[in-house]
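Below: a set of structures, written as structure tokens.
In what follows, subunit A forms one complex with subunit B and a second complex with subunit C.
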Partner chain A sequence: MTLAATLAAQESAQESAQESEQAPAPAVAPPPLVQVENLRVRIKTPDVDVTLLHGLNFSLNQGEVLCLVGESGSGKSITVRSLLRLLPPGAIVEGSIIVDGIDILALKPAQLRAVRGPLIAIAFQEPATSFDPAFTIGYQIAETVRAHEQVSWADATRRAQDLLELVQVPSAKRRLDAYPHELSGGLRQRAMIALALSCRPKLLIADEPTTALDATVQIQVLLLLRELQRELGMATVFVTHDVGVACEIADQVAVMYSGRFVEMGPIERIIDAPRHPYTAGLLGSVVTPDVPGARLEPIPGAPPDPTALPPGCSFEPRCRVARPACAQAMPAFTQIAPLHQVRCVLAASGAAMGDIEK
Partner chain B sequence: MTILSPQSDYDTAPDRGGPRQPMLIVQGLRKHFGIGGGFNGKAAVVRAVDGVSFDVPKNKTLGIVGESGCGKSTTAKLLMQLIRADEGEIILDGDPVAMSRGVSLRDYRRSVQMVFQDSYASLNPRLSLQDTVAFGPRATGIPQAAAMRRAHDMLRRVGLAPEVFASRLPHELSGGQRQRVNIARALAMNPRVLILDEAVSALDKSVEAQVLNLLQDLKQELGLTYLFISHDLNVVRYISDRVMVMYLGKVVEIGDVKDVFDHALHPYTRGLLSSRPSMNPRQRRTEPPLSGDPPSPIDPPSGCRFRTRCSFAETVCAEREPPLASLGLDQQVACHAVTPGSGHTQASAGEGASQ
Partner chain C sequence: MAGFIAYRLLYVLPISIGVSLICFALTYMAPGDPASSIIPDDASPEVAAQIRAAYGFDRPLPIQYLLWLWRVLSGDFGVSLSTGRPVTDEVIPAMMNTLSLAGGGALLAAFVGITLGTLAAYRNGRLSDRAISAVGIAGMSVPQYWLAMVMVAIFAVELGVLPASGMGQPGDDFGRTLSFYVLPILTLATVPAGIIARSVRSTVSETLQQEFVQALEAKGLPAWRIFLHVAKNAAGPALAVIGLQFANLLGGSILVETVFSWPGTGFLLNAAIFMRDLPVMQATVLLLAMFFIVANLLVDILQMLFDPRVKSARRG
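For the complex of A and B:
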């Protein structure tokens, strides 16, 4: 845990400053680490022209975890990839993304390379395909360190070993010489996280990092991420389709549907009192241990095609409580309580989900 | 079952053994895969499935759970006869399979069908949905027109209107719709047993719930028996009547789903169950219930295979392999710590109830 100690020491100055500010007077909060405004992503190639994100706004403080929850195609991965500008050719990104005072969308390629790693790092869902199969784990981590810092191979390798120990890979020294295929899924994902942490990022993006893992290993990796995130004071954007995973790790949750946030708020509020019908439906579809045999209440239908969105609220065709007005115009993202925003005319009018459903 | 094809050879095989005869009895199923042994490698065997026995009552669902590499899918493929078992016996409704005087492999395969996890990879991209579903019936000699009629019936039954979907191709469907086609294709053979190998795992939660409801309905309507393999314990709890927990090619616990989930006896089952996310952000897990990964099935630990990750492991666990012993009415468990007279310090010395 030597690296953790050094990293923690580095961060301690910032942390103590943050704590002293947070505890007595939250009024003078530090500027958020991540500030995303009106983020729009459109893919335009000769074959397709589709808008995938329709104006996202969010901010994230140091040490906070924001979970993006939604189903396939809702735009979760596009959102986090645009933070790193890892988008397919033909993507047009509008809006602004400010991370630690840096305007990500204005960076030139060389500057972007310098930012990827030390400022923002990402751990992908499939570590098996994210590592190069032809090089050892140790080499790939050390290579990343050397790309960003003026250190010798020996020092970089030592740092790689520290990182593997930090993410609790057993016999880390031996694993430095392991090729990706020689590790189990859980160990590969830990190595992936070590790689992401190798340049001490301020913002860690985790794109479904535990989806491919067994439940027993998933909980290990989630606990590890939570511990690291607290220890290193990183901000984390965590993408998942599993509400259970969000419950374990999130401070804030943003529920996505068809390229928009439909509900955002603290995890406890979202779980206890979801206000958007989609959020409620999503929670209702999760098979929990309490309901053996009872009939599930899935959301009917499927998400709309992003090239042919309905004119009004994009959830309206599947919504059980839709009103005629819902098909007319997209509802605004309205604040209904401190930190709690909902994109639904019914929720915004003040009615609770229970009252609306008949 | 009036909606099904009138072809007599497509009616469900008669219920030969009566309602109390288990639909499937599996005895001592074993499959070892040889690896290495080539130029300079040392030959080794992966003990993928190592003496698995269980039975599945009629019109019930047996859930099979365990971590990756525990032999769930190999068991499914062995049951489906996609790979040949080294040892072991399968008895379908009282008749041994692929033996003289038993049910022929051809009839067995018609009675047992399978749905795979990857809905896209398991469909032929160039066959329309009606051709896909009609393929099995056609291959067994049903005339084209009757097979098509049957395909349309099946598509309608899984919630895909044939007027809309019959001539579509797999890439035009969503994941949930494709999985419905796979279910329709399996049902087109009029099977008695359906093996669902992680059939809902790749689906989004809201779609997963739709497909689970569909499976429940079909089971009732068609009197099917399911083997439901999944790593999602909540889903298994939801859909199963009995559950079997596997670890490194062995059954460690099997029993009524309520008993196993509410009173798990094997330390592995308990670890697996408490690895589920809490669904309560105010009561987060603080300690991982199980550490590390399962050891390699190439050279599994001696005695009890779980002992390397078990907090109750003692010397007896390394010396002797715990047998699958009946505890309680309908619950069997392979653990020295809960088996009376095993020599484990936590076990009671002689006969009598444990725990």
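For the complex of A and C:
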């Protein structure tokens, strides 16, 4: 089953869930590995009370890659961290997150620990600060294996070496005894990926794993991730602010703005015919080798403060094609094609963004 | 690792020479001629010169220093001016008494400080955290001599359960000997326990805020394993504070030793100053300084064991 079909079925998500409960799922439509419905995250402490995610819906099949794209502060990291329930104190999560049939939000602490690693694993943005500086790379990978499987230190260390070889770390055996600060940025990120893969997760979360790297190293790590993802058949949620990176790896793209999806669809459709002005803006601010000398067009302004969102569409204040109606109410996330959803009043008119601007 | 230790030992050499120079200079910083305290007031100039020559006070200063250093290195600190006994016989037993007191005080302070500080960090901002911080500040701020006298008044005078002063008799059984340690150690440990608790609290809570702790949670590690990581990261800075406090206890126990009549270096130094007993002062100060240096060296080595980054940073 393709992701496209999953998305098409998403409108009637409740129905399909009931179906799969009542009867064995038909061979053509196994339930998706990840199913997120109406995910809302609110941070409430004595100092702040802010809603960061306003009801997200998405699903992901085994072996597929979903890219979350958006500017800093759009809620990408919060979204993926919700999947692991790795949120700051005071976070209130509503909605439902089902991964491989497990209701993540209902798990007790011990059950949650058992899920972190073998079912869902995460590779962080900053490998330099995400490894404990006081322990060797080999120890930190082996310790993760031992937290979830009944194996000896020797076996766990052997697995760590295999993993480092898998992510193409040269002289892996020697690197086991290296401390994080003794590795280069690229090698550290490879080691971080090895750590994430250590318990053979079904869902890999990659939270801007290439952002902190040099451009040349970035592409190496990206290619490695894509190769591993295909080889191991993992579902992957990949967070990035770089549309170019998304093109390299994504099957499906969800564009985020101010804690909401504004456009979601297969990567080809999003690149070729973006229907939301924000998506078009993101694409316009990327260097493309095909059109040398083309002017980059930055999106004017900055994302809105999540504590004071505008009453209508959150993007309206920055939007170049905004209509008076846009400031009145938040547009619905509408399906404009079987696998393509957009949150924009103009999208319903059927014109591609380029045409509207002309 | 061996290289690092050798490197740190090299540092110790110039510091030790500096310390020995200062100790030697003590003789001349004191008002008057160093020989004047030995020479009788009514001695003739000839006799006085004879005495000066006998002590080597008539030779050039660098030669005097080298001769003195040579004697010190071979374990001869001279003779006490007030008792006439060899200085080593006075200083070594006092040193042992002080060491046992400072060691006990440091252990107690470290145990209490680490436990309270870690608890407070984990309870960040809650009532128990604030209560512990208040106790810590109170512990840091209490004057030692006042605490010593209050303890004596309560436990020795009112309740009569613990001895008020001294070390007891040589023939006492173990429990009785131990009872003499209780009040001085409690008094000594209070201030460093407060300081250690505060510093451990801030180190641990800083560590808890680091990103890798969240990464450890994301790996599904149990809480006690995550604590091992936090502890190893916080151990270096905590050890530095504990080492410094131990070193302070070695030298800073003059008040406590005087209140409890504890025959240690503080007690001895106090007496030596009043008697203008220079050889004893020199030996005591020199030995205390050397202990200070060794304690710092040990802390550095331990810190390196806990934090691999220290090694590469200090070599480069």
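Just so we're on the same page, the second predicted complex is superposed on the first by the 321 of 358 C-alpha atoms of A that agree within 3 Å, B and C clash if a C-alpha of one lies under 4 Å from a C-alpha of the other, contacts with A are read in each partner's own complex, and residues count from 1 in each chain.
As a working rule, contacts are C-beta pairs under 8 Å (C-beta built on N, C-alpha and C of every residue); 3 or more make two chains touch, one makes a residue touch a chain.
What you see is a predicted model, and the numbers here were worked out from it, not measured in a lab.
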item	value
Subunit B versus subunit C as contact partner of A:R113, first or second or both or neither	second
First (subunit B), second (subunit C), both or neither touched by A:E143	second
Touched partner set for A:L84, first subunit B, second subunit C, both or neither	second
Contacts of A:F135 with subunit B and subunit C, given as first, second, both or neither	second
Contacts of A:L282 with subunit B and subunit C, given as first, second, both or neither	first
Subunit B versus subunit C as contact partner of A:L225, first or second or both or neither	neither
Which superposed partner A:F124 touches (first subunit B, second subunit C, both, neither)	second
Which of subunit B and subunit C A:A206 touches, first, second, both or neither	neither
Subunit A residues touched - subunit C or subunit B, whichever exceeds	B
Common interface positions of subunit A, toward subunit B and toward subunit C	none
Contact footprint of subunit A on subunit B as seen in their complex	67-68, 174-177, 204-210, 212-213, 216, 231-235, 237-238, 257-258, 261, 271-272, 275-282, 284-293
Residues of subunit A that touch subunit C when the two form their complex	84, 86, 112-118, 121-122, 124, 126, 129-135, 143-144, 147-148, 179, 181-182, 195, 199
Complex interface listing, subunit A residues touching subunit B	71-72, 170, 184-187, 214-220, 222-223, 226, 241-245, 247-248, 250, 267-268, 271, 281-282, 284-289, 291-293, 295-300, 302
In the complex with subunit A, residue positions of subunit C that touch it	210-212, 214-222, 225, 229, 232-233, 306-309, 312
